[in-house]
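Below is one structure, written out as structure tokens; the observations come after it.
Each chain carries a letter (A, B, C and D) given by its place in the written order, and its residues are counted from 1.
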């Protein structure tokens, strides 16, 4: 492979920094994206949005359109969820990242989101990758749970070739035989991607492990091996969450975790 | 899980047979789907279509919209490919199955295809599953390369809940550490799905192994463990194929393979 | 790799047939090895040995030294188990294959067994491979659950280089993310090994799937893709088995299965 | 599972600290084990031993008996290797950890080693686990490349039940489909084991990734998520190493890495 836009030493020199509003990805400062797995209600979203902002998050995440394994599971508040995310941005000033599931939703999501997420289940959806890349919006691309790092970078290439100037990647766990975690968070991908590509790479330890008590230690490990940021799920009452409650941090734990991440970031010459 | 439409013993009794034109899936007769990975030209498609028909295939496969790992790979003839598939049906009388990559292509594909394929990379694309299920067309759903059998059946449920009356599943290989095959064709999924579901299950040994010489033995194994059919890639000159040449059978080998499959089918009380 | 003794087209022409007493591995006739996972008592072993002989098995299996995941699980009858196996051979005339766990047991096991099994957990135990290869006894080598086919063949090479004239391989399932089976029986390994090696390759669908109802269909598939035999666990009362009860066939089911295997064997030009 | 000796909150209170000579495992201070993959010669071993001591290693590793995938690969200097390790201890004062492959080598290895390593390929060799546990020597147990964390802890239980008072575990990479690293170093296992067990857990990023440039970032990540130490391969001229050269660090890189690890250790409240 050569001549790819994702490559570290591509012709024409390094690309400009990846920016989402005031936030820079891939710079010295670690990016913290946090919020609920799913937008459930105005009260839930506002409570979490304020809490994560106060704890130090710089971008708010929240799912409006949810990719669920079963059609009988809650599929998200959809349009109403997008409206609530816009309101939360108004309230907190945090930029919003939210997932798009299909090209038919792209305009609607792009009208609200500051950064469009393409989730693990759509990482090899080439049509969606292209349309998102052509949307003019920053894109947040998660690794497919069954995809190699090489395939992940080629998915990024689909986005970049459409002119996207702001793309960030996210490792979120792969399938393996190990059953004490929901997925196997593959932190090795972080330095591998750093060697091969100029693209910022973040880590989602919430989905990557599926276990709340593992989120903080794996977030620290992510930063120690060079990740440019983390994405974490926060919920004030995880036991009542409509989705993925057992991998959510409470705001209190999130607050403590961010403090510990600052120390690790400094130990590797970065800030948070 | 219970109350699912895919279940074997669901309320309301067994569903009607899955039919695509004159072809019945899941009956006593094994279904053979064959054709090129990708439609490359009129000459290529017609040569293969006639050859596979003569050898005993009952449905023609061929990709017009191709899901490729890299944006620099050939992405298919697209609309032109669909037109050629329609012409091949005219010529041979064989029904056509071809892949749809995105909801935006659905009407176009449904206007030509007798059966709409949702490929491995889109198995957990819930929006596409729903729209395909609501299209009124038979659906051919391949297992995601990183998906469990349970997730595969829940993807089928998305299709069935939209009213689809004709759905067939296809095992096509999963990701594992083994590197002598491109994927690990998981034939265990065949009897597992037969136990849990009334849905027909076929096997694609071409993608499942990625090695031409393994296609025939694994097709025989598929039928021996209860598969309702096979999907095979055939190309007269595999070394020049624009996609996946090293897993294609030549028409001559395909012809021989079908003959051997007949014997195996009879040994398990079926016909071909 | 070249110059390996396992290779199909090695210098010096094909090796002599692999024989264990009157049984030939890798010939036209399919080899059926059956018996209990673990020797539990004289009564249990004799009942099963007679049943499997009557059903058509040509070798009796049974564990005396058991490799268990937990030290609190039953570890086998050990020396007493070996004595009972010798008695069962006396009674039925069937040759015995049983597992050796360590070089310190080798003489003791070799004194009784007609064929020494090296199990999945010891496949990369190079010292044991060598000593077994030098023992003068036929060796039955199972694939490591985390081993590639290439590593499996190199393990065989350790045995062959010590002068072993009678070695047979056995696919028994690999680790993957799929959770509806205990392991993922990798039948693709059968034709891959047939292409690369002259060594007989058998299949163990009992351990490979861990589910009794899947044993018969996967045994049929194994023979259809070219396996030289099967190894199956049989227990008259699986629910009371001291080990692996949920993957055992009853003698009645085993009898029916063997009948169905005969038809499949004939369909691919072999006998059973 | 309960009543296991590996459990964190077992009856009878916490066990005494795991000590190997002057080195404590699982305490506040991070343990650094370093040395060559294989002892190749006196000159090679002394050069590396002195270098790693100077850089801050507290235990010297080095293989005398090597578990190799192929019988044609270098199998280690064996007895001569043990003698050189004893000499290196004399010279540097560092305790020695080296691998035993089989019970027949146990006395010989135990006579020289300060800590006996059971490698990944022998993790489920229950006979060896027991004998090592009964040897009176500290044991260093590496995770099987195809073993779950639960199986790893049960292997530890085999050692503990024989009375071993000093056991440390080591994560060293598992099999997965990802192919940019040799194995997938599973750092998630570190906090999982910390939650379930009182046993010290170290990490081997050299074998875990198989890529020299990934060793330092993954070692930092290991410490950040709570590992009690690291095991690293060091070779002055990796390109000439007889084994695993492409995953060795040079002494210079090792020196730099240790310095960076100190900062990470302090950021999580530990020393090195």
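Note that in this section a contact is a pair of C-beta atoms (placed from the backbone, for glycine too) under 8 Å apart; a residue touches a chain by one contact, two chains touch by 3 or more.
What you see is a predicted model, and the numbers here were worked out from it, not measured in a lab.
Shared contact partners of chain A and chain D, listed by label, are B, C.
Ranked by distance of CA centroids from chain A, the top chain is C. With centres set at the average Cα position, the gap from chain C to chain D is 34 Å. The mean-CA centres of chain B and chain D are about 48 angstrom from one another, to the nearest whole unit. In terms of their C-alpha centroids, the spacing between chain B and chain C amounts to 34 Å. Residue positions of chain D touching 2 or more other chains: 146, 174-177, 179.
On the chain B side of its complex with chain A, the touching residues are 1, 67-72, 75, 101-105, 121-122, 124-128, 130, 144-147, 151, 154, 157-158, 161, 174-175. On the chain B side of its complex with chain D, the touching residues are 175-177, 179. Within the complex, the chain B residues that touch chain C are 146, 148-150, 174-181, 184-192, 195, 208-209, 211, 213-214, 217-218, 220-226, 260, 263-264, 266-268.
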